[in-house]
Amino acid sequence: MAQTQFAFFPGCSAHSTGRAYTESFMYVAERLGFEVSEIPEWNCCGASAGHLRSHDLGDALPARSLALSEETFGDRPVLALCAGCYINLRRALVHARRSPEDLARIDGLIGREWKASAEVMNGLEPFMDPEVQSRLSSCVTRPLKGLKVACYYGCAMVRPRDVCAFDDDEDPRSMERILSLTGAEPVEWSFKTECCGASHQVIVQRDMKPMVGRILENAAAAGAEAVATACPLCMLNLDMREAEANRQRAELGKPPLRLPVYYFTELIAASFGGKADEIGIKRHFTPAVETVEAARSQGVVA
Amino acid sequence: MRIGVFVCHCGSNIAGTVDVERVAREALKLPGVVFSDTNKYTCSAPGQESVCSAIKENALDRVVIASCSPRMHEATFRKMIAEKTDLNPYMLEIANIREQCSWVHKDREQGTRKACDLVAMAVAKVSCDRELFTTNLPVERRALVIGGGIAGIQAALDIADAGFPVTLVERESSIGGKMVMLDKTFPTMDCSACICTPKMSEAAENPNIEIKSLTEVESVSGYIGSFDVTLREKAKYVDYDVCTGCGLCETKCPTKKIPSEFNQGLSTRTAIYKPFPQAVPSKPTIDAEHCKKLQSGKCGVCEKVCPTGAIRYDDVDRVTTQRYGAIVVASGYELIDWTGLYGEYGAGRYPDVITGLQFERIVNASGPTEGHILRPSDRTEPKTTVIVKCVGSRDPNKGVSYCSRACCMYAAKHAHQYLDKVPDGTCYVFYMDVRCAGKGYDEFYMRTLQDGAIYVRGRVSKIYPEGDGLVCMGEDTLSGEIVRVKADMVVLETAMVPSRGSDVLASKLNVQRGPEGFFTEAHPKLRPVETNTAGVYLAGVAQGPKDIPDTVAQAGAVASKVIGLFARGQIESNPMLSKVDVSRCSGCRACVDVCPYGALGLVQANLRENSRKVTRTVCQVNEGLCQGCGACSVACRSGALDLLGFSDEGIMQEVEMLCQ
Amino acid sequence: MSVTSDAVAAEARSRAEGAASPEGGAGSPWQPKILAFCCNWCTYAGADLAGLNRMNYPADIRLLRVPCSGRVNPQHVLRALQDGCDGVLVCGCHPGDCHYVSGNYYAKRRMMVFKRLLEYSGLRPGRFQVRWISGSEAGKFRDTVVSVTEQISQMGPMASDAPSLEALAGADALLEAARGAGDAR
Amino acid sequence: MTANLTQQIRDRARDLLQSGTVSCFIAWEPARFEHWRTPVTIESPDEVDRIVVDEWCDQLIAKYALQRRGDGRIGMVARGCESRAVERLVADRQVSRQDVYLVGVGCTGMLDRDGGAPLKKCEECQRRNPVTYDEMVGETVEEPRPYRFGEVDRIESMEPEQRRAFFDRMFSQCAMCFACRNVCPACNCRSCFADAERVGWLEKDFGLDASRYWGLMRAFHTGDRCIECGECERACPMGLPLMTLMHKQVRDIDRLFGPYEGGGLSDAGPDPLRSYRTDDVEEFM
Amino acid sequence: MIIDKRDICALLDAIGRDEQVYVPGSVAGVTQFVEHEPGVEPLLDVRTTKVPPKELLFPKAERLYRWKTHEGHLSIEQADVASRPFTVFGMRPCDVASVERLDQVFLTKGYVDEFYQARRQAATLVALACERTDPTCFCDSMGGSPTRAPGADVVLRDRGDSYRAQAQTERGQRALDAWRAAAPDAVRDDEPGEAPDAGDDARVTCSLTVDMDGVAQAMPGLYESPMWDDIADTCVTCGTCTFVCPTCYCFDISQDTRAAEGSRYRCWDSCMFVTYTQMAGGHNPRADKAPRVRQRFMHKLSYFFDRYGENLCVGCGRCIADCPAGVDITRVIDRVGAEAAAMRGEVAVDG
């Protein structure tokens, strides 16, 4: 039986910068029969600095939300679409599962009897089940035929491996498998787990700026027409700073990149025939509607 | 029961702190003791004489000698009893009143009391002793060498040269192993094939060596001196008795596009083939998986062209069983499959990221590029080459935690060879450490530096294609700078790992493997080529990563052990072994699980119980394998197993005597 | 408690506890009786080396040589403790150095569980100890003997561990409470 | 347990015996008094109506399979405890799994035949559903997995003297009847160490030392193989809390050497005390 | 003599000053006869104690002699058989009946066991008649009665707030006199005109009954009967029934050997144990369960009857209540009756 019921941890991005991710995920979820319910009274996951302040704080913040989820939804997996939320929630879970003593310590911190029984999942994991994938395939009415897409995981989602371990940390392939079901053609490229520098863009802009450009350029060099992500922070960073990267390129006399960046769920939603204004793709900085429409028109199912 | 107690003065060593006369007097009060005496030096000739005559004169049937540690003279006194009296040498116990009493206690009263206790305990134990008999097990003077690499070849040659027959089994179609694939050997830069192939032919021609290629060990039973080994020789489809090795079939075979294993996939071969020209046996085999005739029945070219009619499409595996006195494990290694582990290096997607062994083939004059350094993707000469060391080695997160030992040197060799053949080329070597302990090794490394190799201390974190090259990204940890090198070719010096099937082989031979998977020697310092299973020896990388000189030295050491065993011709068994009382055994297997030697097994036994014949599963001790540790006697809950010489009764009686 | 049947056992016990040295009178002061099971290859050799180096240690310890610590049956240990030893020590090679490959690993697991069980059932911690001492660690052997002897001497004879009447009365109440439904109908 | 369970089991037993799938079928039958049950081995389909399966079946019946070895396949009602006992017997090579045919039932716990209170062993049960079966009758039941170390916690918190007193008193009441051994599925030795008259093994003087020796050594011999069925404690005519010795070891082993299971729940290899890891906890250095 | 229940403890305290008094009590929750301790109320409401009082006369283990070797000489020291007087207070009629059975074994037919005899002669048995019975009680089917204990020296009968004590033997009369002397305030004379109470078989009866008619005679013919296999099928051959049985008297001789000295003692044994008939050479005539189970019931219901004219079962019901497998001697007796009837061709036996 595929897992179809999820407790939803929105984090700070789901209803703000990552709205397009939430909208497109929910669009797809509804059609695949997922039941996604928000955790009542959830709190900040602690990213990025909670665990740096103290390890206890780093465990307590996510643990409280997870405990609330367990009290309300029992063993239902907790879905954290944001890679930052995912890694923080998961870290607390892994810590709690190390030993009964650790669990007791964390329970003491949050004053709740949390059993750490439920899993924490990122946005990709619900789609990794073969049953879900076959259902997904059957929902594709407007395949993104031949759309060459570079799947970008970023750095947080796959590392460290003892916390995440849902896919290979250097060469993950789950997003590729999922997107290939939509008719898109994932390309082989080298920067899929490279850091985009998101959390440092504000403080050390000078060092971080080239990182976005390098990722996008590598994707383009591999023949990608689009980039797909599964993290609102990566998305924001790549999408917003592509223009900046293009300015830099212009200075060097290089043509602009024109590489729209998508949430992978937007692409799935698009292949389901979702309208541009209901699947989030109108919310991007880099124009994103045209590429999708072009791909969809290629692949009209007879 | 007539026990005699002999208390030794050991000059003043014992008598200085222990009142030996009182100990002897007290001993007489112990149950079963009919005689006691003291001696100045019991181990001396007159001392031994006096003990022996006392045994005879008093018709003693058990003896306690209170003297120095049994680790010192137990063997001496056993030998004395065996040779000079009618008593069984195992009816003897030693009370250690020197090392563990007189030498460590100053108070005479305390020391004397303790000595009395120790003598009493020995008397209690000796009352439970039973006569034990050693047996001489014959040794089959024939050796089995598993693995036909340089280690196996060397061991086989050395044993065979001493006049003993050897079977050398190799699972590939030719012996030679990895060494024959190498181009040159460091630090002398001898041509590897030039020194290896003569050894191969020497082995082939030695009348005492039988080479069995395409052969694997199916099962092993028995123990030192008489292992019964079943070998499976895979079908070759060529009758080697008839084949002359002319090679005509190879030139005519229509299936030509099979990647060559010998050349590491850098060239192709035919379906009927010899892996390389100097292969031993120097005759081809048919690769059934790719042969059209065997797959679909259509073809038969080789049969038609064969001038001697040696092709046998109906050939089958041959299974034979032979008895061997000793087994040498020289199963070697393979290189870690980095493609599954290092996504950041492209997981095998970039054709110009190659392994060190592929580089060996490229640089070899008889290799796919005839010795010209040309990169695989476009067969151009790489102007910049990056060599990455420790790929898999010393990387517990992805690969293995150990150092593969030889890579530092062959990385230097590769750099040297590259710079030699591409004079205008640039070579970077990314390293963690440079370890060059060996004769002439550091000098070789220095020469490589002088050649112009650029050593960068740091691991490569990512390799990605850019243009027609590959960017290697890493940190130079000495300068703290991020380094990006655009390379035309990258050579990964990958870790050595135990050859595939080592686990299965280990369980067949019942030898241990360490956590890293290499076979474990009996003692890392003092018994480096033996295993804990007597009669099974280790040579080469099967025991742990090492280079060719160490491998050959170890093979020679193994041969000397085997020859020594064969020269003796028989082995004396230790009689202090586990013994099973089948009437109490329920066949639960607890003992089998804990035995480190595989000396215990379950058998169906026909027994008489309560005047009825019954057939039950019970434990059986293989006396050739048992080493007498006694772990089984504790694992056995019902007490069906006991250890002769250290029986439960003996130990309990010692305890009771002390508690009295 | 049964009234007369314990007499046989009690007698044996008191004899074991009151046992004196061969020539020592009953009036001699109490000295601990400590039994050490030592593996032949490491600890026994270590003890020999301590002798060779003329190290000095208390004379209350008696070594019992076994081939391997894996040969020591918990039954031997319990029997020794019941029959009059004030302390029992089991010694073997360091893990990884066993002459018989794995004997001490088994001994370790067995003794870890058994020691906890003994102490759970009321044996005072320290009366039963396990140590790994190699053939070269004469100093460690001496130090171990010194420390174990000291601990046991401080604890006094095994007989002094017998519980008080108050403790026994308390135990009765606990035992009645520990009964489940259906027990002892 | 559903009301018609008895009938369902009778039907299954009849079918299995009639079809020759099993040569006998082990279950319970009513004893003389109301709510009293006794194990029964049915050999003929005509006798299946003797069977009763309800909340009063307090005995563990799995070990009765041993006396039927070699007579064809043995049918048996299997609750969680019976199934684990069978796995134990299989792990100790006393039966092979295909020699028994398990008709699984989910169990919600048994009641004391005299007072109707839940049995202690059932209140501590970790496996109410069979872990292995050949067919299942009825639905599986919820697994509450109650905390079973309460008594161990309490005793561990006591001073050594109090603990010694507790066990002195407990062992002083032991009748040396060996009921604990004879009902225990892990006590499947062909001959018990207690039956061997050997120096230093087990005195027959009914003294405290002898019963302590018996109690501790039996506990240790089964310590890494206990399936926690609680049958020793139920069978003890003196009602001694024997499981406290088992629970102590179960928890220690679980903490020291990894998840405790008592055999048969997974392919985890030999039992904890007949295996080892080179990186086991070190405390004897 | 009348003793108010509230004075029982005072009386026992007084008797206990001169000799040991054993009363029903509880140790660690196990009811058994314990030495009376001043001020501790005996558990006189308990009907059959978990552990029968037989070990007061026939201990679980009893030393016979000790031996010692000293400098090659063997010396033997006989155990002391003498016993000081003691009182067993509050024995139920079934347990008193069991002492009569043990007397047969240890004191009659030309064999006198001096250890048993010494204890028996030192013992004053004070019975306590039953006012109620347990479901497992069936003494009245085994020739006994809940209200009568003919073998006791003194019988106590419950009168609500008090007990009435009547001497049945000379020793009993001496005991009552001694009580009166030791604790004049705790006892008083019978009500004037109160007739001696000999017990009333009809007043208190057991709900569990078995028909013993012809059982002892039928049993030898059932030696080969398959019924023993059936019963043995259920039995787990623990020693519970034999150790809680007030009449089982089998013992073994064992030794305690420690190097230079040791002793021999006799200790209870159980015919249920495989070692019971184990011979030195390894043969065991009763290696299987069925012959052992048969032996126990044959002994209880046939062999003993043949020798002494009564059953070795007094109907106390302990073995029924304590058997972990639910083996029930009354069902065995029923089965014997049915089998015997079937053999006579009267009724078809089911099963």
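Just so it is clear, A, B, C, D and E label the chains in written order, and each chain counts residues from 1 on its own.
In this text, contacts are C-beta pairs under 8 Å (C-beta built on N, C-alpha and C of every residue); 3 or more make two chains touch, one makes a residue touch a chain.
From a predicted model like this one, the values you see are computed outputs, not experimental measurements.
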Length of the shortest touching-chain route, chain C through to chain E: 1
Centroid comparison with chain E (C-alpha atoms), farthest chain: A
Chain pair with the greatest number of C-beta contact pairs: C-D
Central chain (by mean CA position): D
Remotest chain, chain D as reference, centres from CA atoms: A
Chain centre separation in whole Å, for chain B relative to chain A (CA means): 50
Chain centre separation in whole Å, for chain D relative to chain C (CA means): 32
Averaged-CA centre spacing for the pair chain E and chain A, given as whole angstrom: 80
Multi-chain contact sites of chain A, meaning residues that touch two or more partners: none
Per-residue multi-chain contacts in chain D, two or more chains: 169-170, 172-173, 191, 193, 199-201, 203, 205-207, 234, 237-240, 273-274, 278
For chain E, residues that touch 2 or more chains besides their own: 27-30, 50-51, 60-61, 256, 258, 265, 267, 322
Pairwise chain contacts, counting only pairs that touch as defined: A-B, B-C, B-D, B-E, C-D, C-E, D-E
Interfacial residue positions of chain B with respect to chain A in the complex: 342-344, 346-347, 349, 397, 462-466
Interfacial residue positions of chain D with respect to chain B in the complex: 92-94, 188-193, 196, 198-201, 221, 270-271, 273-275, 278
Parts of chain B lying in touch with chain C, wherever the complex brings them together: 22, 26, 29, 69-72, 96, 98-101, 103-107, 110-111, 113-114, 116-118, 120-121, 512, 532, 576, 594, 596-597, 627-631, 633-635, 643, 646, 648, 651-652, 654-656, 658-660
Residue ranges of chain D touching chain C (in the complex, touch as defined): 58, 111-115, 117-121, 123, 151-152, 155-156, 160-170, 172-173, 193, 200-201, 203, 205-210, 212-213, 216-217, 219-220, 223-224, 233-234, 236-241, 244-245, 248-249, 252-253, 256-257, 272-274, 276-278, 280-285
Touching residues (chain side chain C, partner chain B) in the complex: 16, 19, 21-24, 33, 35, 40, 44-45, 47-52, 54-57, 59, 62-68, 70-76, 79-80, 83-85, 99-103, 106, 110, 142
